[in-house]
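Same chain, two partners: chain A is paired with chain B first, then with chain C.
Up next is the complex of A and B:
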């Protein structure tokens, strides 16, 4: 077989054959459509309001996990402060909704400003927050500000080849400081209590909106990572020095993917705030960031479906088990971290993919095809021109 | 104003001492084994609980220090053998695994000791304080912390530069492969370093227990501060720890006094980020040959 292939390669016009998996394999299309249909039709077959609210939440978590997967799973940047971008997005929308809510629902003392401002002695909405009265402006902020923050962070660190553990530690500190900031400046952020009591959008229509945005983001993620760009990103994740030697500007690729990821995280946060109706400092903290990293790891880093599966599984398990297990749930989560790192390195989706690949390499059909091809080769060997050895003839 | 800033500067020394004490263990583990131990804060916490138990049994801080060293060192040995030894080549994932260890340690401690805070008294002979300048009292215990920090630095210097183990550690740090070729059991060195670093975290916990109420969540802020010290000071150089801790501790104390806590921390963070933007490997790590 190899003789023929070699001869072909030499005598024929060189054709560069790149075997690419299809952008959207059939099973992914069908499965994705199935999941979308299943979640999207929940308002019709399910009547449980709690389940409905969980679904919307989980979708936001899934987008957040996807944003981590893009930078960590594909490009190898571990950020332990991704919740900063999530939280910034969430706070913009929450503050805007709260400001609008108080216009129609004055506080107990009759003030038309958010209750946390009143508690802290403010009498009017501070001028720098006034533009947030307009929800569209707040949404734009929720998307743009995280991206710009990520750009700034990327320019500062990646341009100077600061990555890996350093990057993880700095992002961790970043999110811890943002958390402190929010608690300290409670007159503007609601402080320890967070921002609650505003009209949030729970319902079928907004669920479909979140679902649509989630689907678009996951498709974007697939397109992004399946393109040439994605190949470069993966190569950076595998060996950044080599990618640099190949002539790619590693820093710029890192910055780009970091910004995309921050944008997604910001969007996830914005949707989360509008859906849940409660944003607190915990949503920007390091614990939440690392939690999301573990969803991605459980689902399967470096796969697009992984974050979705991981977020739904881990968060679902938490909602259904943490009540009954209490403290033991925390131990389980800790164990999950260790288990995922030591044993289940590729996560659930990655492990299944590996298994399928290994199986398909040795499956009956594969063997039959291989045999067919060998027979074909042999046949060509018997042809007249095959009298001389292939390869020699070409020289 | 100037005088009070000077007093703040003096009291900053105790913050620096705390940072050095907390960061030393992490610095050794990260510097030699290349592992960021996310459970470092929890190791400190376990050390503090050890001190609390020792206190209940009638011992004081001086007794608690060796006990905590041994306890947390054994804990480190357990975790190194059980988990970390398999993932030395994947630092980012070590970070996640040790984070998991941290969660487990916190929860188990909470299950054993309950959610309430513990208070550990400082030793009798260190009660009270003296006045430095003006009216600001400087507690004896803070001075004790400074002395402990200096002694610990000296101890680590002694171990690294004067003992056989230290020689091997330095060799492994310089060039792991060649060190292995020369017959140094690098895995054993990694283990020894991890255990020693954990023990130092234990000492940190025992020493810090009297100035902080002991709770399961007490460790994490120390861990983050320690990371910052390492990032700023540079990894793998003990002077880096001292320099990083000195800069961060003083800057944070003085800035927090001028502005407030949060602004102080934010400014220090920005300072760190700008510094490593200029010298990516930290102040002392930069000139190190790798």
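Up next is the complex of A and C:
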């Protein structure tokens, strides 16, 4: 070691202080409580039934977007089939509610089975669907089945070192398969028409329930990503080769976070079905998944609040503008996504966070540009590295 | 001293080409061995085989009494081998501190990391390492703000944090300025005082600064092995390095 460096080290003994953000900063606690209070008290100050129904829906969307953020924003797995898990959750609850509804409300031909079954020549509820008469059982299915599906998916893809674009394509295919399945087996799923016409749970009590579940999930997301596990997940998202050579079984981590996210998506779907009273094959489709990816990107991927902000902003704007801008709306959303990718790489929340963190470093625009440059560098490094991964080498 | 790493009859083929040709190679505990050889000699491939990136075509790799041939990278790591890549390979969006933290030796299972808290001892160890690689000042910066050389040092620090029995260092001085190279060589020399190190290095200045024993690879075979001065005066080695072999 040169003498100069040594002298430097002596005069400038570094301070051993780690900058750690608290699990729940005060502003987040106050802000979160404020949002919960604002939404939760709506039944008292608002009389608009439409607004009420939107609030419940948006909360479900926010949870769904959070589930995408956990895998995409924090771990770097882009899924274009996340709606599969949402849809499976939604269908379990919708079928259960429908079966129960027809017990007390016979169809117009007098049948005590759901109308779509009757149209398709069934005379009784098939035995494999009978257990769904029990709503608690259906709810358990709505949570467990998506998680198991995600586990299965993870084992057959992540364990075989399939990720990145391939993974996105496979999830997309998965989503299309489920849609085909739903349309094909219309006697059991309602086919094109979806499942509708059952007693749903709109009202203050269920709004609070959804709000509570949403709050718990967002807190869970925060705890998860703030833990050591969260740091490992981020490191895998950054550089999975390095993580693997540092002894982390990358596949297991991916599977874990994928299952957690599928569980949340399933729960969001279940609440959605109970709240809205209409579930169709569109709720399991790739278009819906991509929409949620956009909400996450707009809000800020890799932040916990981002998905919430994104879902409320984009979906909210859609509901208020699509009336006046009907056919232009989709183009607007697409344009918004392109804008975010080009200008606000880290989304709204991410960009604001960067700005607050290093206000001294420059203007809002400079910080956005810096994020852009970093994202660009990362992409280049990733391509340049070109390391062959275990399992795909020539033997 | 006991043999720590034993490579026996290791053969590697990539799309028909033989990169390593039944190579025998061994390393004693506590040794600092430098691997030299012209481009395409199979130096990096040997490291990839040992660290589990590639599966060998034939042959066996034994490490600390275990046959680790064909193990996946994370299992090889668990057995005590940490590898540094040629390109700096750090976690770009994590802070320098967190880069070292996730590399610390410890539990690697999913649920174990979920409930793991950073202990005071662990934090002290991280700071010690950061001070060793002279990055303590930048502990809170994200790794993508570091310069090329700093990233290489950070990765060295991450390897030390993982407390391996064997460090595989693949050209850690690539692309560095002369000053940075000297500093890196010094770091490696100090690491080697308490670790077994296998180093691939092109730069003869760096090799001279740290080498005790050198192995020369050529065309996937071991051409020579021994103390640096001895090996470098070997006419065959000189030939390979000066490229005369091609014209004879």
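We take it that the second predicted complex is superposed on the first by the 341 of 395 C-alpha atoms of A that agree within 3 Å, B and C clash if a C-alpha of one lies under 4 Å from a C-alpha of the other, contacts with A are read in each partner's own complex, and residues count from 1 in each chain.
Here is the rule we use: a contact is a pair of C-beta atoms (placed from the backbone, for glycine too) under 8 Å apart; a residue touches a chain by one contact, two chains touch by 3 or more.
Values in this document were obtained by computation on a predicted structure and should not be read as measured data.
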item: Partner chain(s) touched by A:248 [first = chain B, second = chain C, both, neither]; value: second
item: Partner chain in contact with A:324 - chain B first, chain C second, else both or neither; value: neither
item: Partner chain in contact with A:104 - chain B first, chain C second, else both or neither; value: neither
item: Which superposed partner A:123 touches (first chain B, second chain C, both, neither); value: neither
item: Which of chain B and chain C A:21 touches, first, second, both or neither; value: neither
item: Contacts of A:336 with chain B and chain C, given as first, second, both or neither; value: first
item: Contacts of A:177 with chain B and chain C, given as first, second, both or neither; value: first
item: Partner chain(s) touched by A:290 [first = chain B, second = chain C, both, neither]; value: first
item: Intersection of chain A interface sets (partners chain B, chain C); value: none
item: Residue ranges of chain C in contact with chain A within the complex; value: 13-15, 48, 51-55, 57, 72-74, 77-78, 82-83, 85, 87, 89-95, 97-99, 101-103, 108-110, 113-118, 123, 127, 131, 134, 136-137, 139-140, 144, 158, 162, 183, 186
item: Chain A - residues contacting chain B, complex; value: 76, 78, 80, 156-157, 160-162, 164-166, 168-170, 172-174, 176-177, 180-181, 184-185, 286, 290, 293-294, 297, 327-328, 330-331, 333-338, 340-342, 345
item: Parts of chain A lying in touch with chain C, wherever the complex brings them together; value: 1, 5, 9, 12, 14, 16-19, 224, 227-229, 231-232, 234-235, 237-239, 241-250, 252-253, 256, 374, 377-378, 381, 384-385, 387-391, 393-395
item: Chain A partner contacts - residues on chain B that touch it in the complex; value: 30, 36, 83, 86-87, 90-97, 99-104, 106-108, 110-111, 221, 224, 227-228, 230-231, 260-262, 265-266, 269, 272-273, 276-277, 280
